[in-house]
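By letter and in written order, the chains are A, B, C and D; residue numbering begins at 1 in each of them.
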Amino acid sequence: MRLGGMHEACGVAGAVTPGRQAARPVFFGLFALQHRGQEAAGIASSDGRAAYIHKGLGRVAQVFDEDNLRPLAGELAIGHNRYSTTGATQLRNAQPHLVETVLGPLAVAHNGNLTNARALRRELLEAGIGFSSGSDTEVILRLLALPAEGSEDPWIARIGRLMARAEGAYALVLLTREAIYALRDPWGFRPLVVGELEGGGWAAASESSALATMGARPAFEVEPGSVVRIDREGYRVHEVAAGRPRALCVFEYVYFARPDTVLAGREVHAVRRRLGAELAREAPADADVVVGVPDSATAHALGYAEAAGLPFAEGLIKNRYIGRTFIEPDDALRKTGVRLKYTPLASVLADRRVVLVDDSIVRGNTAGPLVRLLREAGAREVHLRVASPPVRHPCFMGLDMATHDELIAHRLELEAIRAHVGADSLAYLSHAGMLRAVGTRTGLCDACFSGRYPLAVEPAAPEEDALVGEG
Amino acid sequence: MRLGGMHEACGVAGAVTPGRQAARPVFFGLFALQHRGQEAAGIASSDGRAAYIHKGLGRVAQVFDEDNLRPLAGELAIGHNRYSTTGATQLRNAQPHLVETVLGPLAVAHNGNLTNARALRRELLEAGIGFSSGSDTEVILRLLALPAEGSEDPWIARIGRLMARAEGAYALVLLTREAIYALRDPWGFRPLVVGELEGGGWAAASESSALATMGARPAFEVEPGSVVRIDREGYRVHEVAAGRPRALCVFEYVYFARPDTVLAGREVHAVRRRLGAELAREAPADADVVVGVPDSATAHALGYAEAAGLPFAEGLIKNRYIGRTFIEPDDALRKTGVRLKYTPLASVLADRRVVLVDDSIVRGNTAGPLVRLLREAGAREVHLRVASPPVRHPCFMGLDMATHDELIAHRLELEAIRAHVGADSLAYLSHAGMLRAVGTRTGLCDACFSGRYPLAVEPAAPEEDALVGEG
Amino acid sequence: MRLGGMHEACGVAGAVTPGRQAARPVFFGLFALQHRGQEAAGIASSDGRAAYIHKGLGRVAQVFDEDNLRPLAGELAIGHNRYSTTGATQLRNAQPHLVETVLGPLAVAHNGNLTNARALRRELLEAGIGFSSGSDTEVILRLLALPAEGSEDPWIARIGRLMARAEGAYALVLLTREAIYALRDPWGFRPLVVGELEGGGWAAASESSALATMGARPAFEVEPGSVVRIDREGYRVHEVAAGRPRALCVFEYVYFARPDTVLAGREVHAVRRRLGAELAREAPADADVVVGVPDSATAHALGYAEAAGLPFAEGLIKNRYIGRTFIEPDDALRKTGVRLKYTPLASVLADRRVVLVDDSIVRGNTAGPLVRLLREAGAREVHLRVASPPVRHPCFMGLDMATHDELIAHRLELEAIRAHVGADSLAYLSHAGMLRAVGTRTGLCDACFSGRYPLAVEPAAPEEDALVGEG
Amino acid sequence: MRLGGMHEACGVAGAVTPGRQAARPVFFGLFALQHRGQEAAGIASSDGRAAYIHKGLGRVAQVFDEDNLRPLAGELAIGHNRYSTTGATQLRNAQPHLVETVLGPLAVAHNGNLTNARALRRELLEAGIGFSSGSDTEVILRLLALPAEGSEDPWIARIGRLMARAEGAYALVLLTREAIYALRDPWGFRPLVVGELEGGGWAAASESSALATMGARPAFEVEPGSVVRIDREGYRVHEVAAGRPRALCVFEYVYFARPDTVLAGREVHAVRRRLGAELAREAPADADVVVGVPDSATAHALGYAEAAGLPFAEGLIKNRYIGRTFIEPDDALRKTGVRLKYTPLASVLADRRVVLVDDSIVRGNTAGPLVRLLREAGAREVHLRVASPPVRHPCFMGLDMATHDELIAHRLELEAIRAHVGADSLAYLSHAGMLRAVGTRTGLCDACFSGRYPLAVEPAAPEEDALVGEG
């Protein structure tokens, strides 16, 4: 299931590489984190004198070539993949954000969402500080630029103030003249790990799976509320903010992270198979074959099939080359609809009773057409099984999935959803089943399922960015 | 398994759409045929007065937008996806090729390879005809431009002469002022089908699966040696060349075509599962789990697992966003190698005896690193199973897979290949097993496996294109 | 006076440079010939094995950079600047045109216009030769590609046939594998000169002034009807076509060529001053100051002022940075009109009686606004003097200036033109005066003034190019 | 004479246009001010709700098209042309600079140079304000964003503080949500005028000549130290800073401004003719003809010729299409040198004694090659006359012409300069003669000639911009 390009679960990476160019492993880290954001990519670096930056719209392999990567000099670098958000795609929103401060360059790459960004922004505006964008990342940047006292390292003091003032989700990598800093908010909403580079030096990345691509071995997860300062000599951990109840986003397990990533000690793929297996136990179906929505729900479907003792099959083929096309179908073509993205396999489906497993349902736009596709290919029955509970509440911590009204499970009861998507039966995994599959009952943020937000959120309209245009 | 960007199995499409723009369904057809060629794309159209064309490098969604699609006016259109070949990627090689002739515009989109292109080209050059490229498609174009006698429709007469003179593989769609023509060489090496458009009119495409995306229902396959002329009134079939023994490329079943395509009445996905099942019967393995090389060998692996009574699992994750990156890893990064493209899942592989199923092995560059990846993730044993026979002979009919010396099965014996890739055991499907899985013993070209070419080929060096540059 | 982007007086250049890259001096030659065409530029080269080409839309400095010039290898090169013509600007019309022939590569760069292009094109089409464009340059190219007999050098034989068949204006440089050829039609409508390169080798260019920029000393003009073959050993002149009465375009003197060019032994700037002086003698004015339309009529105005004993002044300033802007003025701005291009100087014009000298009037669109500008700046009287006779007849030899109906002097009598442009008086130079200023009564084509065309022309509509689009 | 791309005399424009789009007349104003800066162009606009911006590298006609101009909505707009400076050309330095403040959007377009930018920047950095560039324009922007008290209009209060703190040259147009502001520093170094738009509303521009192109009639010059606030209702003048001795840059008369501009009541072209006439009286030459360096010194040469009773002639032709070419000549071509830009006319120069008039000499790189060109074309004697005094001192007010050591008149005495350029004689206009020609002895900044700076300047190295890269 795709969230429809609405969430902001970006990817961040950073590296300090004594004796070689840091931007290069950061590029490969962004490459491995491409699934976390495809709208824009950027890298900032420092050679101890100047800071260098290149950003662009599109995937990381489109944004970077040797000609623009080579000038990103120095042994320190950070990078960012940006997810598509609502509104116009603009270069000005690409990260890292970079400014010159009295302490030298400062660049910020941010994964998450501040819930009090609006109030902080207003406070800074009133202090006479001008903003170049409407993003909460710039709020973080401007706050970090302000002088602070109370630590040997002035950046640690500023990060301390940030953690005292900012609320919500922020996994950050910062670049300064002398060091990079990797830090997570006190709740630990978004993941962030540190690894040791085989060629010497240290790296940070949103997911452990990216470390291998950067040439690093996983070392440890950045603890919520703590900061890892990395320079040419090594790293040092600062515990900056008091511990809050941990709240790692459970949706990273369900859908967002790469299957080969390990979060809090658990391999994501294995969790997904267990989600499917729990679902099979809770909601069996009298069927002939189990089909997953490719590619995100294949693991869940395999787990379901195994636990249910049913054969797993590829019943839907996903177009590997799908991408943004701006060509509008005419009326005669419009009915092809979802077939641009998925095609059903008659040999698998014809005359079968099919269990269709999806990882989650958010808006409910995709499930209906998929059920129809299966029926057109001859499926006799379609039993839709969803390997997570109903999504009834919006996310304010960086998975900007939808507003209340857009969430189908907020608007409709189970039977109405079943009728809407046209399935013969429909079942979601229970909340308890999800937690059993993950393997923990604590330390997770499951607000989108439960409505229990780990911190107070004011669901106010975001402040409008009044600046429009490139440059 | 990937052929490494060396073959030329392009995709072609065409449409005649009374009352609406033909280029639009052709765009969607090319979109569905993207797997057949990603180097370049192009569409030519005719409104009965003038011909219009737009071509560009890259995938079809990159080449086309509303601004360049809209001017492709008229109720007739053809299009082409080009596969990456050796040498520089040049716009001049993008298709369709278009010229003005005494009968009006002529555009050609070609899938295949002429084996006597060199001799035909020389003959035309000696007649004083200048060439703009070194491609065999231009040989076809120039030959079709020459006057011919002997038919009511002058284009049919010219196509007749083409079929009398040209040898090798050619599935073509032609655009003229009044009609489009879809035709296959007398052997039928490459597929080509015709469908009826739901909005009225007719379409042609390399694969049946593309017809749905064009908004058409499959009608019939173009017979080898015959031409289908389509105009605003409907279609008419001309049997132009005497029947030769049919020789549909078996590799389309093994790897090349989309799984949801039906070739000669057989769904490709179903054939692939049977290939896996035959392989399981011929070459069982004492193992715990079956893993396919994603995405092309998943069906084969599912068939193997089912027949072997072993669990199928996702043991390798493929980076969905892989694409051409021109960034060079430095020495420290170079060891990451294949991990950019695939990552192994420890939870599936650790301490297991694994059957790794691939669809085919051509050069043998990928299998070794994959076996190593599995072992690094903890696999105790790796048994490589290949769901087709050893590829020992080059293709001269458009799958320009490699030269003799590049084919690992031409150079090495089975045991040497096993040692080279580092597997605990290695087995290929037998030739007979492959034919059983496909379901026919006749009508196929299996020269790359058997060395039995359906027509005499002179493996001469291709004539050098002496023209270099854009424009 | 500007002809409004309608004529096709392109620029051509070529060089053979033993021991160094020929494309480089050709680039600088095109740079010096930029005034002859700004729509597109291109260079083709040969290193004796392959031919290389790069073309693009825009000025030569926009089209070329080191990255695309460097690959144009070899000691032989030719180039072309294209003038803006009616209709869409398309890359496909950029020159040189290049094809592979049985004798190796052939590239053509053409300045001029064939008057029988339509008949020749039809003949070639009927022979089965396909065309990629609607240009007469491709007619030349296709004709040259056909085998011919009767000379030691097969290209000389083909050029001989071209000269026998083609009618109209063509100054050409051709590139083959072994040599370049510079040739002029038997009338010599368009200029073409040869020079000796200081670094060794020989160069050809449309105008002598370009030779200096190419690093060459002028050697001789290419004689009408003759061909200069240049290879690494030197040059050889072939007299191929019988002499026709010479007909060098007189408009090259009046407006088109660079002032520092020498045509048939006469410096263009000096001729222009004499045109102004003759005009002063024929059409004096009771005035205070002489102003020329910058920049093309400054020399004429200086000649007028000197002969008339009146002070010359800069009364109109031309915007040096004018270029193609696609921004539409709104209604309030539309009245600024010609002020984007010219501004009047009040200190020069206020309360003065002004002689405004222009080199020629073709359509009459510019003169009226200029006269109004002068009056707005305070000029008491404006006496328009035109340093050439009325243009009453279209050009069919490559200065595609306008159709009959667009020529103001074809439609209106002198007094009506004066009233139309709003001048206090108006006078053209007489035909005899023009010839006196040029210094010859023979050897010129003055058909646009006199209607006496040196060869029969059929003013038929040009054949429509039925191919539209890039690539 | 060209200053070699070193100075920063940019152009600014602004408009308030009730009922129509303001960005359109601003575009045409920038077009008319193109001579003041060709490196980059940009426009920012406001519709009372949001601010819109588009900037790009290159000339204004290259940066803007209908697609990017149309979205610049609203009745308020400002624009900027940027001059090429040392160092890399970067989009980040393009203006206007735009930020969101607590009072809404603020955009700044700046012509000039602050002499205390470094100290102000450090003060702001220490206050915790981050900078996105190293430009003094951002210093102005950040200073204006800080809250200030003491006026009804908070922007007037902020501008008052700016004028109290900033030293040096600044002619600014500011854009806010409700109004645009046009202001000049208390010395009035750089010009700025206001005009009334014919379609209603008011416009501001660096030079009066641009007003006509914007569709406006000149109304008044912005007084030094005052601010003109323009909104939909009309304009209001605020005298904000106490009067300082006026110091309009005399180089605007000598070279920089357009000839049709009126500065402090004097038409620039007329001043230039008087500069030439004064020079003729001070430094006559026994010669046959007077030639100016085109195009900038043509007026000076005409004035010289008239006063000296010698004929004026076009002896040098300037390539109108010169532009940035990045093609390197090879050794054989390198000797063509200045001929890319100028060509001499033998008919004017051969065997003549020539007076060559230039407007000024800064570095002395161009004069020598020009003198050689004249001699190569046959000039018997070359007498170089410079229509301004020797430039011995650098400019700190925005004409960043050169450092001390680069100024040839700082390094060498008159006779040594003459020998360096190879002229038969050399004379500069005297300081008194220049003032006579301008027509005033007060109110000018002539520091580059006299060394008398109107305010204390610290010739310190500019602070390095430590941020490199786009985006």
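By our rule, a contact is a pair of C-beta atoms (placed from the backbone, for glycine too) under 8 Å apart; a residue touches a chain by one contact, two chains touch by 3 or more.
None of the values given here were measured: they were computed from a predicted structure.
Among the remaining chains, not one touches chain C and also chain D. The minimum number of touch steps linking chain B to chain D comes to 2.
Centre-to-centre, using mean CA coordinates, chain A is 36 Å away from chain B. Rounded to whole angstrom, the centroid-to-centroid distance between chain B and chain C, based on C-alpha atoms, equals 50 Å. The distance from the centre of chain A to the centre of chain C, with each centre set as the mean of the Cα atoms, comes to 61 Å.
Under the touch rule stated earlier, the contacting chain pairs are A-B, A-D, B-C, C-D. If you check the complex, the residues on chain C that touch chain B are 42, 44, 49-56, 71-72, 91, 94, 98-102, 104-106, 122, 125-132, 134, 141-142, 145-147, 464-471. Of all residues in chain D, only 17, 20-21, 24-25, 27-28, 31-32, 34-35, 38, 59-62, 64-66, 69, 197-200, 209, 212-215, 258-260, 267, 269-270, 273, 295, 298-299, 302, 306, 311-314, 317, 319-321, 323-333, 335-336, 339-340, 343-348 touch chain C in the complex they form.
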